[in-house]
């Protein structure tokens, strides 16, 4: 049982409609003591990879609790609703489409997973198109209130997983896909860890491999290890995404300058 | 008196400025035990109909409490500030411009309405342009803290109402205005309930009347009953608004294919 | 010590990523009883002046507490992390780049300031690029939980300040820079107080100096004192920013019509 029933909440619902608030309302009714931290609701519609990535990067900073995540282009189809107990004792609740796995791994791995089949945990009438409100939020709320996951459905082991992002380490450097572009235009690459310091090129453009933005001159490219311990590319006082013309999913090549 | 002083909050204030936070602050000072669920603050500026609609669709999922809503193009003019007690025992607080009525109806109807005239419930100095902070948030906070609505002003019966959206049921189908376009490009029509299943056309384009997105082929149009029990039009994996070139307020015609 | 540990939170982090939630998570872990009011996270990236202005306008409406603000283009460089105790007994935490000063003044002035040097108050591993999560949120949380500011570092007096915005009072009126353009297109000028009523011109265009939007005809320009007691320019039912073609930082001239 959780002492502080914290729930984090990640979706692609946007902020213009009442979808997010409806889920907050369901939680407030079923687990009035729970407190919700919104991670983001601006995952691009249906972009499971982006949702998985944002959640996985954020959970290490969140209190132990229930992580509710809904990026669910398959709502109303045969895709399964699941809940995962992570190694830290927290839970992840959402669709079985790969969304939850990287966050579970960031929390130390999967202790057990349950296919959510117990309709008594859901809303009385489950709509075909809004499982966030009718399935996932109720399950998250009940777990936050201390209910026993094993009563939510049947144990399952075979979970859907996203294909891994591209990463190739070469003798002269690294080629990696861009996991995410943040608001500042910084590129986070699918490469954990660091790059040796010195003069490098990024997609052919000159750059400095250093520790932070300020290691490059104003307007200059810098390669560094970001706050989630991934290799990243930024421009000091500017946008690397703009300067290099790349976006999430594109590949970036970093090599030592010769 | 309310056991759990929940306040929902809906505006057109946007998220760039501190307007929403100023109202949260007023609530925190006057009703520190109240907990606020933000419905949306991205109602298009002055769009009372959109605000009314989002709130009405969301309140059934919210805990009983006070629903504070401010979409108020008439701020500083003679339009009245009001509070409504709904049939569920909750309250709605905002301008008397039609904004609150659909939500009150969604909560079972209006039990009583009060023209807010007791300045002792407001901020000491009421600005001419920010009644959210100076009038509505203080009243909502006091109601959430258990104050007696009858002390907030004088009973009133004649409330401003929005014109109803267009809806015409024809022998072959339905013509209805679009209530709202959500983030996914789904169209919600001003037609509660369902449409008989089968092959139909939407504004002349072929579509399937079914239960959810997946009942149409990828990229295909589907007519279904949405999570708020309204007739809706979607594209499986796409945007109906884009495919059909319609937006909120436009009329959509659905007829059985012949 | 604070009775109700309220924390306000202002950044340029945007809402697409998990940065804001990571800071909420840090606060939840270190000060679980603290409650956070988000002011805005949509300060344009690196726009210290805009962040300072929004915060300063909002703090008078917030409960006494800790105001955490991070608009920090100099993260990872020599700029100092600071905390300020304001005259109202609340605190401000953020980078020493001018961001916090106007809010401190709005709270009655600076009682003392501390250069945050005590690493025991920070995250165990401080990243080079995310001091919101690793330095400022932990310090804000500890202050909200009642820790003694004097243990956070060494007293400092010389704080970085932003240049004041342009304001010139002329015999015939006023020339002032635009502090901010809100969501409705209203212009707030760097001129506290009011303008005498009557017929005026704004950048040459005819306008009415009155009390609120409705004092001008529909589509007409109005000069008024806004809800933060600054001189402002609006269009009744429209956008002054659009009509006049001005934006934040531009100068606006208001003179009495002759």
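A, B and C are the chain letters, set down in written order, and residue numbers restart from 1 in every chain.
The criterion applied here is as follows: contacts are C-beta pairs under 8 Å (C-beta built on N, C-alpha and C of every residue); 3 or more make two chains touch, one makes a residue touch a chain.
Everything numeric here is computed off the predicted structure, so don't read it as measured data.
In summary, the chains found to touch both subunit A and subunit B are C. Fitting subunit A to subunit C on C-alpha positions gives a rotation angle of 120 degrees, to the nearest 5. In a homomeric contact, the two copies may use the same or different surfaces; for subunit B and subunit C, under half of the interface residue numbers are shared, pointing to different surfaces.
Here the CA centre of subunit B is 30 Å from the CA centre of subunit C. Counting partner chains per residue, subunit C has residues 15 touching two or more of them. For subunit B in complex with subunit C, the residues that touch the partner chain are 12-19, 21-26, 28-29, 32, 45-46, 73-77, 127-130, 133-134. The touching residues of subunit A, counted against subunit C in their complex, run 4, 6, 8, 15, 35, 37-42, 54-55, 57-58, 61-63, 180, 182-184, 211-214, 224-227, 237.
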